[in-house]
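The structure's right below; bear with me while I get my questions together.
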Amino acid sequence: MKNEWPLWEVFIRGQHGLAHRHVGSLHAPDAETAILNARDVYTRRNEGVSIWVVEAKHIAASSPSEKGPLFEPSESKIYRHPTFFDIPEEVGHM
Amino acid sequence: MAEVDKDKLYQFLLRMGDNTLILGHRVSEWCGHSPVLEEDIALANTALDLIGQTQMWLGYAGEVQGEGKSADDLAFLRDAWDFRNVLLVELPNGDFGRTMMRQFLYDAWSSIMLGHLQKSTDERIAAIAAKASKEAAYHVERSSGTVVGLGDGTEESHNRMQAALDYLWPYVGEMFASDEIDLAMAAAGIAPDPANLRDEYDALVGRVLDEATLAIPAGNYVHKGGRDGRMHTEHLGHLLCEMQWLQRAYPGCEW
Amino acid sequence: MYAQMVKTASNRVKTREEMSPEEQHFQDKIDNDVKIEPKDWMPEDYRRTLIRQIGQHAHSEVVGQLPEGNWITRAPTLERKAILLAKVQDEAGHGLYLYSAAETLGVSRDELIELLHEGKMKYSSIFNYPTLNWADIGAVGWLVDGAAIINQVALQRTSYGPYSRAMIRICKEESFHARQGYSAIMKMAFGTPEQKKMAQDAVNRLWFPALMMFGPSDKDSVHSEQSMAWKIKVKTNDELRQQFVDQTVPQIDYLGLERPDPTIKWNEERGHYDFAMPDWDEFFNVIKGNGPCNADRMENRRKAWEDGAWVREGLLEHARKKAARKVAAE
């Protein structure tokens, strides 16, 4: 889609001094707006005090766990971004 | 706090609370219909802040009035002539550009006004303003960014933003038109005289519109009648029909 | 559910002998509960099925804003208005998280949205039913989100990492949806006779559509079998539906409302409630586009998208200009 806003990965540092953590992604026309959008989308419940955004295409990721790929993904299947890195496994109670 | 006429204070609080009530309602109309999900979520945040501010302003207004009315009573059970919001906020949303322009023109006023109100001699007002001004500072950052982006965007977005500004500009002056209520508030140190905020406002708005490559229209006619209740637009009645319908149709219920 | 009747590309589950070494290794990971991540090798069918399922789920969240959004401007108190708006806003967020998860599979959000608008992708049948009185807002949170939560809690264990993580985040946010709904309908059920009438009307209208959310019985569906083997579906439609009924019937009784299905009866032997199935003809009609609100919902979504095109383009163009000016200044 030629006019699609770029994809940004969002990293947030919470109240407790831990490092910035990947929380998800969003679309925005530029970095400034991406930060504002991240504030509105990912800190609605006081989750963070500091936000980083980086355009997804600038993230370099380590190789997947399997080596020696017999089946290379075709060009049409490029994975656009390695999103949702680590979110703790605890599950909100219902 | 200097002695101040209770009814005037009540009117002042209605002006503050009705602005946020009516604008919050208008912004909430966008939920589910915005140009992109990120904007939908952001607009909902703005509306939520405004509803929260309404609860504080109208809650205090009810106390000052002293007839045992809650913020909900004031929001849902007054008729149009008792509303004290500026006309600007009751205007229909129009396209997204008009909504964001209206938001910016309001946010710029509100961020300046709330900044002054933090120094109010009325502690309750100072406390409400302290909370609300943090929200307003974010709102104006966001809406000014959008106004700049769309003003200085494509030809179409530029034209739409200029049309929005042309339509809305005549409603700006009402925010700065002071009357005897404002003078009483100023004398008691409760609130600034709005007329004195105009320079600060023009500087802020001028800078943003400049960056947005938008031109303030030439005429200086000012539409008013909202903040003194003399003459609202036709739009307010329709808004109230919708907003107040359940409370009116089923009076006295708990919800 | 929010993703009902997702078709898998293949028409039967492969035996181990038929699998290539990659497929065997892939299946082993799934069987050992090792998550599949975006860059890992995966069968093309798995990828395509996931795009369909996650996309359908995302569309459901976004179209799902409309029936509840229908009442935001008519909410009866400031607090109810704020709660409802925050709730519907969460659903927009859920859509956003899920589109993001789908994007890791090589499809963009705008592409998925266009597919929806062209009628090539679906969303949950439930959002084609109207919200007609204020109690519907309570009933939707309680019954519809309640049903969705049952499915989504199960899907937290799904095999695809980004989908699973989106589900975990969504489930955390869902915690207040069902509760705000139940609290709203409690006020109605315990209120004036008119309010109680609204509550009963809402439950009567929404009960069977809520049961439809889990999809038809999947006893014979090869698609379900493959999806279960891949752990992109974790429990059967019937299991989830039973769980929903068992959890919800006592809640209806507590409200003092009549059960919307007179055949509901506790079955001592099974340890579950017996209940009537919804009208599946109606369900297939709704899926085909003949529900009470299909046309309106799609018209609303398309209008929002088309009306917003100049905004998206304008802001993008501004970002380009800004970047160009920055380069020129350096």
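Per-chain numbering from 1; labels A, B and C assigned in written order.
What we mean here is this: a contact is a pair of C-beta atoms (placed from the backbone, for glycine too) under 8 Å apart; a residue touches a chain by one contact, two chains touch by 3 or more.
Composition by chain, UniProt nomenclature: A = Ring-1,2-phenylacetyl-CoA epoxidase subunit PaaB; B = Ring-1,2-phenylacetyl-CoA epoxidase subunit PaaC; C = Ring-1,2-phenylacetyl-CoA epoxidase subunit PaaA.
Predicted model, so just to flag it, every value in this text is computed and none were measured.
Asks: Looking only at C-beta pairs that count as contacts, which pair of chains has more of them, A-C or A-B?
Replies: A-C
Asks: Of the chains present, which has its C-alpha mean closest to the combined C-alpha mean?
Replies: C
Asks: Could you tell me which chain lies farthest from chain C when each chain's centre is the average position of its Cα atoms?
Replies: Computed centres place B farthest from chain C.
Asks: Hey, how far is the Cα centre of chain A from the one of chain B, in Å?
Replies: About 36 Å separates the centre of chain A from that of chain B.
Asks: Could you grab the centroid distance between chain A and chain C? Build each centroid from C-alpha atoms only and quote it in angstrom.
Replies: The answer is 22 Å.
Asks: If a residue has to touch 2 or more other chains to count, which residues of chain A qualify?
Replies: 5, 26-27, 29, 33, 41, 44
Asks: I need the residues of chain C touching at least two other chains; which ones are they?
Replies: As it turns out, chain C has residues touching two or more other chains at 86, 89, 93, 96, 312-313, 315-316, 318-319.
Asks: Would you pick out the residues of chain B that each touch at least 2 other chains?
Replies: Correct list: 36-38, 41, 45, 149.
Asks: Which residues, counting only chain B, touch chain A once they are in their complex?
Replies: Interface residues on chain B, with respect to chain A: 36-38, 41-42, 45, 138, 141-142, 145, 149.
Asks: Name, in rising order, each residue of chain A that touches chain B in their complex.
Replies: 5, 26-29, 32-33, 36-37, 39-41, 44
Asks: Which residues of chain C touch chain A once you look at their complex with the stated criterion?
Replies: 20-22, 25, 37-41, 47, 86, 89-90, 93, 96-97, 100-101, 103-106, 108-111, 114, 149, 153, 156, 161-162, 165-166, 168-169, 171-175, 178, 312-313, 315-316, 318-319, 322-323
Asks: Which residues of chain A touch chain C in the complex?
Replies: 1, 3-5, 7, 24-27, 29-30, 33, 41, 44-45, 61, 63-66, 69-71, 73, 76-84, 87, 89, 91-94
Asks: Considering only the defined contacts, which chain C positions touch chain B in the complex?
Replies: On the chain C side, the touching residues are 62, 65-66, 69, 72-82, 85-86, 88-89, 92-93, 95-96, 99, 134, 184, 187, 191-192, 194-195, 300, 303-305, 307-319, 321.
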